[in-house]
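We just call them A, B and C in the order they show up, numbering each chain from 1.
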């Protein structure tokens, strides 16, 4: 009975997947439309010219550069902090490890707006001016959990006796880390890092509260969504954003696929 | 080599390793100090300063924050207009959660039980991509779809069903002048954006149900529906609850979706945004943000009792 | 070569919170010995092994390895190697690199260490597997790799933690013989943890029987089987009729606990003790009888070709006086 799926289930699952994917594909069509004042369907004609227009736009480039910079540095911080937490939690039993897990998950368990406002009011209170670093601070906070989840899952798979075996064979703690732990968690860290990057690159809610005058790419898009001014350029940017997040996600999947489906469960 | 204890003049690193090995507690401290400082001090500290402000109030004349302990701001939450916002958000979160669960189940079940090999990978990526792809782009896509000149209206007109759509839009509450400014539009986008968060934990839970249980149920004479009702659903419940934590919490706190697609009536997230921004009433914004925290606290507590965390 | 003490436990205890995993253990393992630590799970035998390896530290007491106190010496400084219960092969390294790992850490050049690793693989009859990953090997093959990986470092003491536990019966018996031969060939002290009394009896020179964190008896397999010092050992090592003091007293012996092995009970026609045969079961090479003598249930193993009277009839049984072993403790 478990080799053939009932037709009803097949259709329902197929429709569900279509519901998830068709809207995004629609944007790809709109990126080529000749209509620039409305969202007219079907598009009256197709053109490549908006890609050229978007290419010339310095505000798009600046927003993209800022987003890339923020995402890279937040990912780096999240990698360090998330791995440390995961190692501590999975290697040792200590009082309060439940608390640590909770603490790590809290920034994404709570609605983003709360994290955003809390950070904003703390910055105000401490007289910290908004800057590149205030954005990074916010992003790293919620990126930790993504790295943490990936690393914890891998540490769990990494049997404790492997580390003992390494020490038993003469390797000290650093050698054990270098020759046994790191090679075994590297792909999980890479996957976690890519997902953290995608998460940061896309984040808008917390960023609106911590960004001040600068705009990341999502902030730029949000402004376009609230007050559409250049629809064709927005279409092109949307396509770009989709492509930029798709690649790390697929890469992360291939890095963690053997028997482990933990990659996205932390978001 | 006579000694069984190797002591070939250890390097500095090796001596540090010896020290670390003899003092595991200190190693733990060193590992945790940065994360705990970051999350425990910076993040929790920020949350605390926000929450503390909810116990202050705003001076009605000067518009300045009065730094005196009071519950006055919380009382303001129960003003009919604000209570409306809270109840509207709760109702939306509940509906979105239910719809996501219904839509997610067949996908998750198919992926967990029937998809094999390449199809399994495709299903997985097919769920992960929408999960991780840009939140704003997803909303933007629906703006395109729901626009008056957009694809959905075109579809209804082409099928000569535009009359039906107009009848639907004329309905109270769910209707509106067009789909993109109706609760229906908001609801659709919420479901669309959060659906993958329901599928993943549900799939994880379903994958843990051994197929022998379903065979046993069929063997004992249960129909497919009875097996679904009495075996599959109870065992998938922790996954459903885990998924609902996401869909519920994310809907409670979102302020961008209803702002872009929906009627002008506020949701909690928008109220928080407005109070802290244009209205400049930080205490009320803080009090508003306590609402989803409290609701999610209760929800998580209930979920934990139902054992949902094993499916996360 | 003069015999010296390889591993010495002096009043060693290890507590986990309130639980005494190892309780004031004294033990001396001789150089070149094949030593087994036998006991039920949770009896402290594995903790003792981990204390020797250095993964655990004694809460009180002292451990010496070849006369040197090893308190505070991390595992990577001890010339002791371990074969882990789950083998703990590094999944990211191939077999050759797994075996050469210890030599690589010691900074031995590639050519020399690969040569030594190949030789070690030869020793465990696994040449030709060098390039494979651990996941591509069967359980028995992984077990051999784990053995080679430990032996290539020429340890002073080799620790084996239930190394045959995960293998099926046939393979286990084969590995028992190979391990024993290997130990004789190399002359390295083997310390072997097992819960399988048959395994301990067939392989070890001496056995320490553990229960609840304490060593109950240390002896050669023969002595352990013939002269258990307590009902626990009598029951745990082989099966036995453990006879209470009152019963023993009625036989005209001192009122002490005693052990009588089932195979030592014989059926005779006359001049024995008169017992009731309750039931019998066919075991292949023997019949197992359930008897009652003086209200005490006894089990006996008799050769399968012996004709048996019907159940619930009276039979005469006897045994050699020397087979009834009086035990010191309860």
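Throughout what follows, contacts are C-beta pairs under 8 Å (C-beta built on N, C-alpha and C of every residue); 3 or more make two chains touch, one makes a residue touch a chain.
Quick caveat, the model's predicted, so the values are computed rather than measured.
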Contact graph of the chains (line, ring, star, complete, other): complete
A-B or B-C - the one linked by more C-beta pairs in contact: A-B
Whole-Å gap separating chain A and chain C, where each centre is the average of the chain's CA atoms: 53
Distance between chain centroids, defined by C-alpha means - chain B, chain C (Å): 55
Inter-centroid spacing, chain B versus chain A (mean Cα positions, whole Å): 15
Per-residue multi-chain contacts in chain A, two or more chains: 170, 172, 175
Residues within chain B bordering two or more other chains: 6, 17-18, 21
Residue numbers of chain C (touch at least two other chains): 74, 76, 80
Chain A - residues contacting chain B, complex: 1-6, 9-10, 12-13, 16-17, 19-21, 23-24, 26-27, 30, 38-42, 80-82, 84-85, 87-88, 92, 94, 100, 103-104, 106-107, 109-115, 117-122, 125, 137, 140-141, 144, 170, 172-175, 195, 198-199, 202, 204-205, 218, 221-222, 225-226, 234, 238, 241-242, 245-246, 249-250, 253, 257, 261, 263-265, 267
Contacting residues of chain A [partner chain C, same complex]: 159, 161-162, 164-172, 175, 179-180, 183-184
Residue ranges of chain B touching chain A (in the complex, touch as defined): 6, 13-14, 16-18, 20-21, 24, 28, 31-32, 34-36, 38-40, 42-47, 49-50, 53, 103-104, 106-107, 109-111, 113-114, 121, 123-145, 147, 149-151, 153-154, 192, 195-197, 200-201, 204, 211, 214-215, 218, 224, 245, 249-250, 252-256, 259-260, 269, 272-273, 276, 282, 285-286, 289, 292-293, 296, 300, 312
Chain C-touching residues of chain B, taken from the complex the two chains share: 1, 3-7, 17-18, 21-22
Residues of chain C that touch chain A when the two form their complex: 53-55, 74-76, 80-82, 84-86, 88-92, 101-102, 104-106, 149-150, 153
